[in-house]
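Input: one structure, supplied below.
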Amino acid sequence: MTTVATEVPGFLDLAIQFGLIVASGVTLLVGYRVIQGPTTPDRVVALDTIGTNVVAIAVLFALATGRGLFVTVSLVLAIIGFISTIAVARYVTEGDIIE
Amino acid sequence: MQPNQTVLLAVLALPFLGAAVTPLVYRALGERTAYFAAAIAGGCLLLIASQASTHGSVTLPWIPSLGVSLSLYVDGLALLIGFLASGVGVLIFTYSGGYMHDEPGQMKYYATLQAFMGSMLGVAFAADLVALFLFWELTSVASFLLIGHYRSEESSKYAARKSMLITVAGGLFMLIGFLVLHGVAADAIGTATFRLVGSENSMLAHADEIQEALRSAGLLVPVLLLIGIGAAAKSAQVPLHIWLPNAMEAPTPVSAFLHSATMVKAGVYLVGRFRPLLLTDEWMILFATLGLVTMTVTAMLAIAASDIKELLAYSTASHLGLIVAGYGLSNVYGAETGAFHIVNHALFKAALFLVAGIVAHEAGTRAIDELGGLRHDLPVTAAVTVVAALGMAGVPPFNGFYSKELLFEATYEVALHDGGVWWLLPVVAVFGSVFTFLYSIRFLMLFFGEKPHELGEVHSPPAIMLAPPVVLGVLAGVVGLGGVTSTFGVHLTPLTDFVTRVVESSVAHGGGHEIHFGYHLPTKLKPAVVMSAITIGVGLVAYPFFDHLRDGVRTLRSVPLLSPNFYYDTGTEALDETEFVTTHLQTGLLRTYATALVLAVSAMTLGAYAAAGANLPAFTGVGLALPLVLVLLVAIVGAFAVTGAPSHVAGVLTLSILGFMVAIFYILASAPDLALTQLVVETLVLVLFLLVLDKLPAFYGEPSRLRSARDGLVSVVVGATVFTTVLLSTKATPNDVIAEFLAKRAGVPSEHGTYLLDWGGGGNIVNVILVDFRAFDTMGEISVVAMAALSVVTILAMRERGEVQ
Amino acid sequence: MSLSHVVIAPMLVALVTAIVTLLTRSRPTLQGGLSLLGVVGYAVAVAVLVGDVLSETVLTYQLSNWAAPFGITLVADALSAFMLVLAAVVSLAALAFSVIYVNSYGQRVSYHPLFHFMLVGVTGSFLTGDIFNLFVWFEVMLMPSYVFVVFYSGKAHTSAALKYTVLNLIGSAVMLVAIGGLYSTTGTLNMADMTRRLLAAEEYGIDPAPVLGLAALLFAVFALKAGIVPFQFWVPEAYSAAPAPITAVLAGVTKKVGVYAIIRLYFTVFAAATLPEGLGLPGLSGTSFLAFFGPVMFLMALGSIFLGGFGAVSRPDLDGVFAYSSIGQVGFIVLPLAVGATVPAVRSLAIVAALVYSLNHAIAKSLLFLVSGTVDDAVGAITFDDIGGLTGEMPVLSAGFFVGSLALIGIPPLTGFFGKLLVFQVASDATIAGGNGATLALAAALAGAILTIAYLSRAWKEGFWGETTGAVEGATATPGLVAVVVGLATLLVVVGVGFDPVYQVANAAADAALARTDYVRAVGLEVSS
Amino acid sequence: MTQFVLALVLGILFALGTYLVLRSDVVRVVWGVSIISQAANVYLVTMGGLSGSVPIVAHGGGHGHVTDPLVQALVLTAIVIGFGTTAFALVLTYRTYEAHGTIDLTEVSENT
Amino acid sequence: MSDGIQRETTVVAKTVTRIVVPLILVTAIALLLQGHNLPGGGFIAGVLTATAFALTYIIYGLDYIQTELLDRGVDVPDGVPTALARESGTVFGIGLAIAAGGGIAAMVLGYPFLTQAVAFLEHLPVYHELEVASAFVFDLGVYFVVVGGLLTILSVVGAE
Amino acid sequence: MSELGLLRAGVVTALIIIGSFFLVVGTVGLLRFPDVYNRLHSTSKATTLGAASIFLAGFVFFGPGGYGLTSLVGIVFLFLTAPTGGHVISRAAKRMGVEFYGQAEWPKEVSESDD
Amino acid sequence: MRRWPVYGIGLAVLWLFVRGVELAPLPIVRELLIGLAFGLPLAFTLRRFYRPRVALRERALALPYAGMYVLVFVWELLTANLDVAYRVLSPSMPIKPTVVEVPLRVESDAAVTTIANSITLTPGTLTMDYDEKRHVFYVHALAAEDPKEVLEPIRKWEDYALRIFDEEREPGSPVPESVSNPGDETVPTADPRPGGDDRGD
């Protein structure tokens, strides 16, 4: 899977792997907040955070593979994350998310 | 002489064409359509008569690739049934012209009745088993419609369905029998054929080989049973006789026809037809027993009848029993009994039914107890009845006497020859005949004795209704007289010659001796004479106690477990009201359905792995990159949390964790397009969920622990199936996986011209697959998207205006 | 060899019609006309294709100009052709019926595009030579069917659609898993290629054992589409809920897609595989995959015949009877296949029997559902309590029902007789050949046939005979609808009387299904052994 | 061995999806179906093998061993189709609620 | 968006939306154009475009695009489908027509349905060589189907 | 891609570590803080900065042209949307009545206008 | 001039970024042309999103202020994060949340938005709500001993914003009084939505 581009120095490679592990690890923790809430806004915040973590993971994967195209992916992920947050927030306040 | 193909086809086609044009004819002629139909029947009769001297077959191809032809065969038996169906047909149609006056549904009645006659003619002449089955089933269908003529009467509907169920189902048994014969013929003759008779490769021409093959395959008894059930159902043999008494719900002309010359005669015809093919000891045990039991049981039931048509109906079953018993017996008398009694029964029974119709029509009742002394009002009818009823009773010198003598003789011969239990045959024959005598006399007594006061004025029937029974009565009388005259050497040669031919049809080929049928009054004190004497004597003695006997039989009949009707009724009622399927299986609950679905899938799949002996790979550790493991862990935690989500929103948001994790999984699996698609779709689904959730109630109560546990178990089974499947399929390493080619050909080669056709021309292999290699998939995929949009519009739009279809 | 587009023509006609009717939604009359024109065009395209198939045996079409197994291949052999004819006949009748039956508002709400998309899916399923593409066309077929089940949008419709949709969504996931597994274990998606690889499994590094399990997994999907027990649950409610002409298509055609897929994949493709070790479960023996699927299908067929029969006999309305009947009848289609899978001697005949039975069921059951629709249209009810005496008020329609029922019962010379004859013959020949369980199959077929008589005679007795109810009194059937019914009834007679060519085509179809090396070669692949 | 983890994960996901499908709350059923179809997609990707680089090549040649692009294309198609059906299922759920006044499947089936 | 009552989204969200929507659309177009060579393609681009609309719907309400952005009259509701849904219906119809039409065009040229070709336009100013793939037409069809389909769903369900 | 200079690699590494650190901070805050408003402080600042930092690493790694530019768009987008997200969530939470932790109260005047 | 062509060009530039163009003249020109090819139509389509006219000169003049803003912002951002990190990671979790009302001087949507987001990204504050009628922000402070502490940096933003967004008010113009939670009334809340049912475990 994560084939690191061979040209990068070892410490960078290590850092990227470290970053990936951190980003996925914290996702696990954030997952706790989504599940536990206790309120819906709590879940939304947490989910938004997961979204941001996913963005970070995508960028890190771009670094790991040296394939910049994953940066584009991460940009789209960021867009997507924002829209979900807005939608859920709107749902929480208004119920009817589209008038 | 070979029969003429055109004429035979015309015989079969004429009634159906007549039926087809009846709607037009009826528009022109109205009730006089009866005479049109009678003319059709007469035409058939004449055409058949023109072939009376022929013997042999004609063949018309129908479905050559299946080996099915429309071959027809003419011999004595075929001619007999042909004459009966068309001849009695003429009389029945004529009679209907009077009887059906002002009745509803005449157009349908005449059309169906003609088709009925045509089907019976088809049964008579068919030489191919499939063709035979075709007409056989058509008689059932036609009689279904005729019995249900009075469609709003519950009893008519009941009777029609009963006859349909029993006779068509019986036909299916027979069909299987035919198919087994067809299959066995492949071994016995060399070709799998449906041809029964009339060709070198027919089954009858290889009767011995077929019997041998059946026996060695252990299929002789099954085939006998299958064909026997078909015949028994049609000709109302015990215990399948129960439809026949109900069939009296049909208009009386139909009853007369059905009981004398068509429908029920098809059954005995079949027995007669197959006799040379399958005559063995097993045959005799089966059919002789069946026939005699039927003859006795139904004769007793006839005594218990309270309605004249009911009496006649049971009587029919009884006489059919006699015929079947005759054909069942292996000696030549047996065949003679069958052949001759078909003739005799047709004559007296048709006459009696028409008499019953006159009585019902003119006296306004069919209740036996309400009728009596009709001879004053209906003298001609009474005369006909005397001849016919005494023929039915087996009293000499009336026609039925001679055929019954033949039965007695046949049973006695068998008993003498085989001994042992076979002595039961003559005993039962006599015993049953006593009851026949009793009910025949009872019927006759409708015309004698005192006329009950309640019975009002009884008018004479119109001539058109009187003529047919008279004709039949006269014919029956002539047959009876023939016996008297031949006692003195004056033989009724055309009749005896003809019966001889009929008998020949049912005698095994190559049996050796020639058959010369003849009949006369007894001149010596043969056992059969003694048996006849006993029958009549006991009958005479017992007649004064008729009412006691009747009550006795009625008591017996009322014991439900003894009555086949009880089984039929409880069976069909239970069937019509089976709630099992809807209460236990089709519960309307998705969980029931889904549980069955996933368990069945799991069982099949795991079963297949086990059956194929697929081996799971050995566990050798985790070996997955830590981030991936973490991501999958989050996914699972998320999915677990979804199952316990406290509210819909919480669940939807938690579900998004799974969506996000799957997206990361795709990223880490180097599938950027998937990750993007997954996330954009995930988001849209979230939006849709939120759009919809707002309109839904928030929360549903927790399920019971038991239910959760059960569902959990089901889920575990599913999980195990998937687990196994993943392990087994990831283990596989086939060669030349097609993806290798796709990866190679997707891009742009280093050297290329202006155009590229055999390269994808795109760097994104996945995209090239989607828009080029497998663009057809994508075409379908976008159709689904378009339809999803259409579906949403449709569901919500139809709500407003679609309530009324 | 010059490129002929005749193979894809039916699909394209349907697809283009779907798009055109979608774009003309705002003009219902024009749209209806185009729709009708489209289905006629479809029938013509099918006729041309069938003509070509019968003269050239197997026709193939490489989409996107990529050779098999890399692109998607369409394969039209006699088996596909047979099924396409069935689709053409039923959809022609159903659409003609729809144009009159579905009110103009309903038609404006995308009825026609969805109908033609459904036809696209059906046709694609019959023609495709690629298992993933099969998944796609299944989905294309399912999506409109979901919508049609909920079309009238009432209580019963939503309830039925919900279950129908969820079960099929599970089915789709199962199908995906099976396809993924098959790809992983065989390395291909092309059916011909898969056949070729399974024939020489060792050479291609394929272990057949997991393939059997994946094939079993996939089988469930087809059984679900065909509504075979225990995958039948959705049938009664969905059939009752959908508009009558759609139910005719669901019962007449989409069900047969499942049957087709079973024949194509299990008798052509997977039958190519052999298990070197043989089957290792008690009661199973043999090295062919079919030795496993034979008993499986047998149990399913038994379950279907009896559940369908017992269900139908107690239903209080026409649609209920017909819907359960469809479950039972599909049992009759699977039964010979089960016997044929177990007894190689009758395998070809078994496929013929299944096809002929399918043909009859397609026409007869479509007819019956259209009768129900016509009654509903005229009377406003289809429950036996509310109808009665229809023979008096609607004699022609009743005659149509009668003919359809007789065909289903198997009365000669209607088409249905030959179906039943062949089913019985398969079982009886297998019995003579000493096949395992063949006698039981015979008995089951017989019992099922008797149940068929029982429920149809009951429907006739309760709905068509009997006292004329207030609702029926004076009701008149719409002539156009009756005409469609009469047309189908006539077809039942004509196909039965002129059965010989039909048998020949069915026979050719069976041969095609079993001629796996021809099938492989036709798509341009070499067979190594 | 990668496959044990994946097998376990997919098994659990399918099991959880099944459990949800068996609930009587329609929304939960839709979740269940959604989980099952996502798991099926993951399975398919897994079948392509997880090693190899992104299946995106430059003109004139590739980057060595790429992950199986075919399964990715298949999954893409499956995701899109799944989206269409999910959208339908959701609206159907809403419509069911409107028609029956409940989304409890036990009551929905009693209502008809 | 009536009179700015507090139930509405705040000006903050609205302003950000006005900035973000064009950004999303640009990204979507980029993904559509580069799909043949880089991640993206008609579907992703289409969904992304639809999410831009979804965002607008959520923040500004369903009528905004119709009345404010496109400056057209308010829908006269003749029941569902609304004008917007009808138009999106046409959009995905056209999308299907483009995708299928491109495939049929190949047939006219004597190739099987959906055959795709790539042409290299050479000696162009600025660009020198430009790769033109017929598959783009197909992808464009996909894009329109997705955009039209999703907008239909969003507007119909959103209008409930 | 060309050989990455040691200095650039160092910067990238540093940015990744900083980013990871803030991702952790954001998460810990999300878990530890007592109510949604406080949690929002943590995520809208720390997590956003963490992700931005990693984007910046991407800019350094791929930049200054090419995907480096895309990374910059990502950063801008994050800074544009993350606080807005925080704003709409906290507003939503307050509107649905999520209680404040501790002494925090909503300014009194709002009661008239809030409806 | 009309605003949409300016936005069209802006979108074309954005296109360069999104596409990740190589920093060389030719690729930039190529991509820019493509970007303009749809950036302009897109901007035209979306023109009603924006005010019709834009004063280019004023915009240009505001640029230095924007630069300043960014610098200050980045500084504040870093402090903010260190501050949050401290509070998050410190075992005692030193927080004392409060809500502060912030009356605004800026009027334009863009300025309001900029300030709102800046507040959120900077130390200890979070823009919770904006009351259009009263033209005030409600700012949640993580640990504010004194409302002044909260207000001070916001005023600084506002000063820049007033310039950047060409506002009526001048930097340094009077600031409306702010009120920080004096009362202890219960907070009226909106109806709980269906989604909120699970709150308060």
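As written, the chains take the letters A, B, C, D, E, F and G, and residue 1 is the first residue of each chain.
To be clear about the criterion, contacts are C-beta pairs under 8 Å (C-beta built on N, C-alpha and C of every residue); 3 or more make two chains touch, one makes a residue touch a chain.
These numbers come from a predicted model, not from an experiment.
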| item | value |
| --- | --- |
| Graph distance between subunit D and subunit E, where chains that touch are linked | 1 |
| Joint neighbours of subunit F and subunit E, given as chain labels | A, G |
| Most widely separated chain from subunit D, with each centre as the mean of CA atoms | B |
| Selected interface, B-C versus A-B, where C-beta contact pairs are more numerous | B-C |
| Cα-centroid distance, subunit F relative to subunit G, in whole angstrom | 14 |
| Whole-Å separation of chain centres (CA-atom averages), subunit A against subunit E | 26 |
| Between subunit D and subunit B, distance of the C-alpha-averaged centres to the nearest whole Å | 49 |
| Subunit D, residues touching no fewer than two other chains | 21, 29, 39, 41, 43, 46-48, 50, 52-54, 56, 70-71, 74, 76-77, 80-82, 84-85, 87-88, 91-95, 105, 109, 112 |
| Contacts with 2+ other chains: residues of subunit C | 15, 18, 22, 63-65, 132, 136, 139, 143, 146-147, 150, 153-154, 159, 162, 166, 170, 174, 177, 180-181, 184, 189, 237 |
| Junction residues of subunit G - those touching two or more other chains | 14, 18-20, 113, 116-117, 127, 129-131, 133, 190, 193-196, 198-199, 201 |
| Contacting residues of subunit E [partner subunit D, same complex] | 37-39, 43, 149, 153, 157, 160 |
| Subunit F to subunit A touching residues, read off their complex | 1-4, 6, 9-10, 12-13, 16-17, 19-20, 23-24, 26-28, 30-31, 36, 39-40, 43, 47-48, 50-51, 54-55, 57-58, 61-62, 66-67, 70-71, 73-74, 77-78, 81-82, 84-86, 88-93, 95-96, 98 |
| Touch list for subunit E against partner subunit B, complex | 31, 35-44, 47-48, 50-51, 54, 58, 79-81, 85, 88-89, 92-93, 95-96, 99-100, 103, 111, 113-120, 122, 131, 133, 135, 138-139, 141-142, 145-146, 148-150, 152-154, 156-158, 160 |
| Residue ranges of subunit D touching subunit C (in the complex, touch as defined) | 21, 26, 29, 33, 36-37, 39-41, 43-44, 46-48, 70-71, 74, 77-78, 81-82, 84-85, 88-89, 92-93, 95-96, 99-100, 105, 108-109, 111-112 |
| Residues on subunit F engaged by subunit E in the complex (per definition of touch) | 73, 77, 80-81, 84, 87-88, 91, 113-115 |
